[in-house]
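In what follows, a structure is listed as structure tokens, so that the remarks can point back to it.
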Amino acid sequence: MHMNIKLFYFARLKETLKYSTEELALPTEISTILQLKAFLAKRGDVWGEMLMSKLKVRAAINHELVDDKATISDGDEVAFFPPVTGG
Amino acid sequence: MHMNIKLFYFARLKETLKYSTEELALPTEISTILQLKAFLAKRGDVWGEMLMSKLKVRAAINHELVDDKATISDGDEVAFFPPVTGG
Amino acid sequence: MIRVQTEDFDVGLEIQQLRLAQPNIGAVVSFVGQVRDMNEGDAITELTLEHYPGMTEKALEAIATQAKTRWDIADILIIHRIGQLKPQDQIVLVIASSAHRGEAFKACEFVMDYLKSEAPFWKKEVMTSGESRWVEAKHTDEDAKHRWQHHKN
Amino acid sequence: MIRVQTEDFDVGLEIQQLRLAQPNIGAVVSFVGQVRDMNEGDAITELTLEHYPGMTEKALEAIATQAKTRWDIADILIIHRIGQLKPQDQIVLVIASSAHRGEAFKACEFVMDYLKSEAPFWKKEVMTSGESRWVEAKHTDEDAKHRWQHHKN
């Protein structure tokens, strides 16, 4: 069974990937943030660089900051963004 | 030779002693704050209570906080007051 | 109270409202952040603030709640601006009111330290050359946050 | 800058003036103290603030100078009111501006802690019964001051 998720990208990631948001049907073997990153990285150069490089990428599931091991559920809102710089 | 000083009292001291300010010619044997306190205490009950009791009395010479051992010079402005409560 | 907005804010009015809402408190501590005219040695002409609608408000709410749990606080207000700003524009306002000044100081600084490393905002700045760049996160901000995890009160 | 005055003050205006005076600073921390409607369990209807003209200004000046020496501070403003005040009137305002928020927070709190135990002001309060009394100094204020003598930065 496929999981359907909504993906958001912000700041430098949004700009470089040229994606702000997308809906995605995930292959069944993908259940963690790390697996999702590896999956997206296969889209090509820029994707690999942004998501798998030494650049710090933060992830959130349903508006909560999570780490690479966090698991994704059907219907989740997942976001990728750089370290924050507000204030 | 007498030293002439100007004395100020503030807050609870001013109210109880009924003195706001006075000019004083000090006897030659008085040179420290503690000696001045003892000298003023001889004026009577309220003076002794206020200046020599366990009530904390702070002193300043020429606008600087000082302790009981500080020495007084001719022309000094000396002040007695309770612990401060501003802010 | 949390507000994420493009409009400017009136610091004096916000402080007064928090102050007058509580006749039994004596202390109101506030932090105002403004856009600096220089960063990393370059003159800055413009700053754009991006955020993550929904998550940003939730993150700020969580930080304010944590501060209220940790210290004896009457109220906390956080206002953060988004969109295009110029040097010396106000970016952020944090106010903490309390019966005790020490608690208000700690809560206000705590909120700023956590906001700086946990609230999803990103700054992009334009330099006089016309070039723009994303502002890099400072690890001093991470350090400032960690400080609160190691010391009591 | 030091001001001891009977008139009220405009917090928003004062913060704005310190902020706009320095395009290179990002952080402005302020403390506002207000008259509480209760003290030691009694409702308060009035508060009178006495000071020592000449020495008070000098003491505040010395505290501000010490804060500027100790931290990286652009400017410090202290306004303290004297005379008759009512509950919820503003008593005191301290503002510290800096390039670094941590420095501004420390300097502002330091000034308040020293002001509370070194600046010659005395409060007398009137209760609803019509009786009045001098406010007692709190040793927690002495403790707050001593804290700064034991820890670095």
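The letters A, B, C and D name the chains in turn, as written, and every chain counts its residues from 1.
Simple rule for what comes next: a residue touches a chain if its C-beta (ideal position, glycine included) is under 8 Å from a C-beta of that chain, and two chains touch if they have at least 3 such contacts.
This one's a predicted model, so the numbers in the text were calculated from it and none came from an experiment.
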Hop distance check: chain A to chain C, minimum number of steps through touching chains?
1
So which chain is the furthest away from chain C, centre to centre on CA atoms?
B
Taking each chain's centre as the mean of its CA atoms, how far is chain B from chain C in angstrom?
49
Whole-Å gap separating chain C and chain D, where each centre is the average of the chain's CA atoms
23
Between chain B and chain D, centroid-to-centroid distance (C-alpha), Å
27
Using the touch definition from the top, which residues of chain C touch two or more other chains?
33, 112
Hey, which chains are touching each other here?
A-C, B-D, C-D
Chain B partner contacts - residues on chain D that touch it in the complex
33, 49-52, 54-55, 58-59, 80, 91-92, 112, 115-124, 134-137, 141
Report the residues of chain A in contact with chain C in the complex, numbered from low to high.
8, 10-12, 15, 56, 60, 63, 65, 79, 81-87
Using the touch rule from the top, collect the residues of chain C that touch chain D in their complex.
10-13, 15-16, 19-20, 23-38, 87-88, 90, 99, 101-102, 104-105, 108-109, 112, 144
